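For reference, the structures are reproduced in the following blocks.
There are two complexes below, and they share chain A, which is joined by chain B in the first and by chain C in the second.
What follows is the complex of A and B.
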């Protein structure tokens, strides 16, 4: 595996202005959709962004796909600044980075035949000679488990799982290095989901791609991802290899998220951490640690005043957490419950 | 616990609902039977198109007319057959004795009326008190579903509330007249995980307080594991397996149930490779003649192609009525069952 990460996010921030008035609109605030997110994605690796709706995971994916420009910070793909590249390098970026979206009913053009949908990237970017296109389409369709004859059909002739396969084929045809997956299986039926998840795993080995996956389902995340980044109100609160995150989640929000996840067997009893209230508005997020308003393990004033930084654990340099519990008194573990009362 | 001889809160027997479509008459619900005891929860699990929502609508006789109609069967609420009732009598059942919560709170509330008005409207149908008293009851109903500060929230409009809060209001409407049976059709699918956990806990608390019976329609085995006492697994319009929740999770009998349970990734453990069911569910207008799962089944036999499997019940006394429709169960541990 290459040591240099494929994709690097450095302090990436995206604010959306909130305006008032129609003609002389003035900005009255900002939605902090993504707030100083720093992370790396290695080659051949799957990184999952998890969190609840509105936490900024989809905006992060959009920033990578250049559908949004960051307010500040920098995204680097193979050493190049994603939002500065132009010309041939940009064309190359667009073939190297592809996406598969949640809903295969709306992501495929109903008036195009499968062949045209799948080959579009190649044709638009003049990536290969004309004669070669048909061969490439045939190969990629067989890789995703569709038959070559089916390339003459229209999307409506396929079921949900097959449509998602078409969407995957059209992303794969340019042999990308990075695939952005935005909730790739959550619109599919249970019996189809595992087919598609297994397909993604096989294709990752076959094409040696990296995946950046946006997900909210923790089971899917554990199965698919090598590394997980947990987001809350636009910020990364925890970043860790999948196994260490699932076996010992450290941030109180991650712990609450895991305790809220549904069990896979009726006999599994989880400690119930039911969070009070709902996610605060990202327009005016709480001061200090943005989770302090709902945190069951709040230490005290420090949580309200200082924003905790994402820091690696002393015992596991891969496991990063942004919480004062671990930086103030490194000896304490969250299970002690001492921090519960202020 | 009540004695086993007491009738269940709701019992569905051999229900068949047909829909007239361009592609022919289809049996969306085909001979479905199950029951829910007082204060218990039954889960109906299935994929989209398995007939679980039409089953729920058939219980309340709300199937879209005239295309869909209930062809046969019985729906017994405390022993009374709802299918025999007149439309007027049914109006007294809906909302008062059986209520329903739908998936998307965004579409089940009216955006131009305050939530208080909508709760009052629902309670008012079944009670003849004055408006002021009704408003008080609405506040009470909102308090019961743990809406914070209900006196103030009662004047809010749906758009002022978050998704979880709106679904609580829907709950307040459904539970406002103290029904005995609640049908919840994927009520948490549109909610975030932590909000889902709050909502499921709320339903459990209300059930413990009032002895409500719940029919939980879902595609998520996690919800079943957390909420249900009994499970009916539906596939292509039929119940293929039925039994107590632990039996279903510990020793599933039908190949479809087994496959489904094996294809869901767990958050508790690493799985190297998930099982995946080949193919896709059959279309209603192109149903296999025999077992409907046969084309996707790993253990299918010749007989499965031509004959729909009989129902077999587990012989062991402590199985709690665990049964499944599969020819592979023709063995001593299982005995043919008529119901």
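What follows is the complex of A and C.
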């Protein structure tokens, strides 16, 4: 895209200490929740983080929202280090970056009226004059398809889809530049998912926002995202524009992940890749490529010893993959990998 | 940007705030416990100064040990008189005032202190949590009667002493219960949202956590009125509570103890009042608990 990226992650790493003992806790190891993740998010773009539970996608979202601080590495928002900003710049950041959470039953305070929920960001940051708050609330409510009078109601008076609209309105109130969406439709009924997804797309154009979306539903991802980052055990294994990723997934993990998703039609015949074994513990991740213990296409010793770097494909500079299959022998296609099955 | 991307969606019952379940809810009120409490505790406590037929403190020796009206007494002393000729009914009415004010003040003091500490412990965790919860353990391990005895001996039995003891006994219950509640509320997404928006800890506690813990606190308070009345009665009975000659129910039971065979009514009526009031309060508290907080099963 044309302009500078809105958000840059540089080698971002988050380790959680694992302690043992009740009185004198000792650190016996670290959970590598996010491991050297580097990616860019352009203006007006939607980037989806996908992967199975515990792969670090939510932790990445939390790092962006300043709910966690990185162990090492740096997050930059419009050139500023997200975890170093203070004062007025911090207030600006808190209005520029907003979040919509997964479960609209948990993300709306049941004891507050919609007006107070929606206006909270403005009130907390004194972002606008007091008299202006009501106008702003009315505007965002109409933008998400709710009526102004409904701002007097309590959350329990709304349905799931409406509640998610309220959550979206409360994120939009400060006219953010980046919205972190943590599985924004997965708690909703299938029948209203598409409504909410379309709402997100319309609002993205209206407000010129970037989205960072955490998802494990591939259908949602395909519909919403411009770019997809696949995570496994805290690391990025593949990063590509949505179309090329869905047409030709390169990393063996991505291939397995996609094959596990339901096809769009029940009669579609497809090859199913069943991964054997459990996800290794993130406390003691495998050496080399962290996927080698379960990889059906393992080449050999190199996978156990060397960590593959995320590198662009020679034929498509947008498509990045971290796998020895492609760095060692560029001619080799993933289909004829003859590595032994683990 | 005034045009909306999607047509407005109508909320269920939006705009008009109607309450279809209001009258039905009212009919389900536990009427008997409420009636007992009103007759036994609230009306006497509020009106003792005007309605009580006799002075509760000053007796007349000629009228001593008069039996209740249906046991050979007269309507002048409907529930009989005690050893000093004081009217039991009047003393019961004034005693209700003592019981009610001690419960209210004690529960308020203990509730405010315990809730504040519970909020701090549950919200900030860490060292504050560890210290407060150990204090709770200590407070719960100390027998309240023993504490009251020590306090009564050093400070002298008085209304204030009782309040201190009640506060000391109650705060730990609140602190523990509120902390547990806060631990679950603070993990909910609306708290995360408020943090992302930059809300201060104070705002999060006051606007987000406390209102959602309020049900628990109200239920706990209701359930405790009964036990506070019982505690006050026990302390007064032992002579470390309300000093004589103030008419407190526990004190009246203590006074009637020696005469229980010859003049049973002296101890019987205050004892009955304590039993009925505590029983009714427990029923009311159970009802509130079921109504407000189905998760709080045992306090």
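Rule of thumb we're sticking to: the second predicted complex is superposed on the first by the 334 of 342 C-alpha atoms of A that agree within 3 Å, B and C clash if a C-alpha of one lies under 4 Å from a C-alpha of the other, contacts with A are read in each partner's own complex, and residues count from 1 in each chain.
Everything below uses one rule, namely that a residue touches a chain if its C-beta (ideal position, glycine included) is under 8 Å from a C-beta of that chain, and two chains touch if they have at least 3 such contacts.
Note that the structure is a prediction, hence the values are computed from the model and not measured.
Q: Given the superposition on chain A, are chain B and chain C in a clash or a fit?
A: fit
Q: Just chain B (first), just chain C (second), both, or neither: which does A:195 touch?
A: After superposition on chain A, A:195 lies in contact with both partners, chain B and chain C.
Q: So after the superposition, what angle do chain B and chain C open up at chain A's Cα centre, nearest 10 degrees?
A: Placing chain A at the corner, the angle measures out to 70 degrees.
Q: I'd like to know which partner A:106 touches here: chain B for first, chain C for second, both or neither.
A: So A:106 only meets chain C here.
Q: If we overlay the two complexes on their shared chain A, which of chain B and chain C does A:52 touch? Say first, second, both or neither.
A: first
Q: Quick one: classify A:80 as touching chain B (first), chain C (second), both or neither.
A: It touches nothing on chain B or chain C.
Q: Let me test your reading of the model: by the given contact rule, A:98 touches which partner, first (chain B), second (chain C), both or neither?
A: In the superposition, A:98 contacts chain C only.
Q: Once the structures are superposed on A, label A:246 by its partner contacts, choosing first (chain B), second (chain C), both or neither.
A: Once the two structures are laid over each other on A, A:246 reaches chain B alone.
Q: After lining up the shared chain so the two structures overlap, which partner does A:120 touch, if you call chain B first and chain C second: first, second, both or neither?
A: second
Q: If you stack the two complexes on chain A, which partner ends up touching A:159: first (chain B), second (chain C), both, or neither?
A: The answer is both, since A:159 touches chain B and chain C.
Q: On the A-aligned overlay, A:216 touches which partner chain: chain B = first, chain C = second, or both, or neither?
A: It touches chain B, and chain C stays clear.
Q: Please provide the least distance in Å between a C-alpha atom of chain B and a C-alpha atom of chain C in the combined superposition.
A: Checking C-alpha atoms only, chain B sits 7 Å from chain C at its nearest point.
Q: Can you give me the overlap between the chain B contact set and the chain C contact set on chain A?
A: Overlap of chain B and chain C footprints on chain A: residues 159, 161-162, 195, 198.
Q: If you look only at chain B, which of its residues touch chain A in the complex?
A: On the chain B side, the touching residues are 47-48, 148, 162, 164-165, 192-198, 201, 219-226, 228, 245-246, 249, 259-260, 263-268, 270-271, 273-278, 280-281.
Q: Okay, in this complex, where on chain A does chain C touch?
A: 65-67, 90-91, 94, 97-99, 101-103, 106-112, 117, 120-121, 124-125, 139, 142-147, 149-150, 152-153, 157-159, 161-162, 165, 167, 170, 195, 198-199, 202-203, 206
Q: Mind pulling up the chain C residues that touch chain A in the complex?
A: Interface residues on the chain C side: 1-2, 4-15, 17, 188-190, 192-200, 203, 207-208, 211-212, 214.
Q: Once bound in the complex, which stretches of chain A touch chain B?
A: 52-53, 159, 161-162, 189-195, 197-198, 201, 216, 218-220, 222-223, 243, 246, 256-268, 272, 274-275, 277-279
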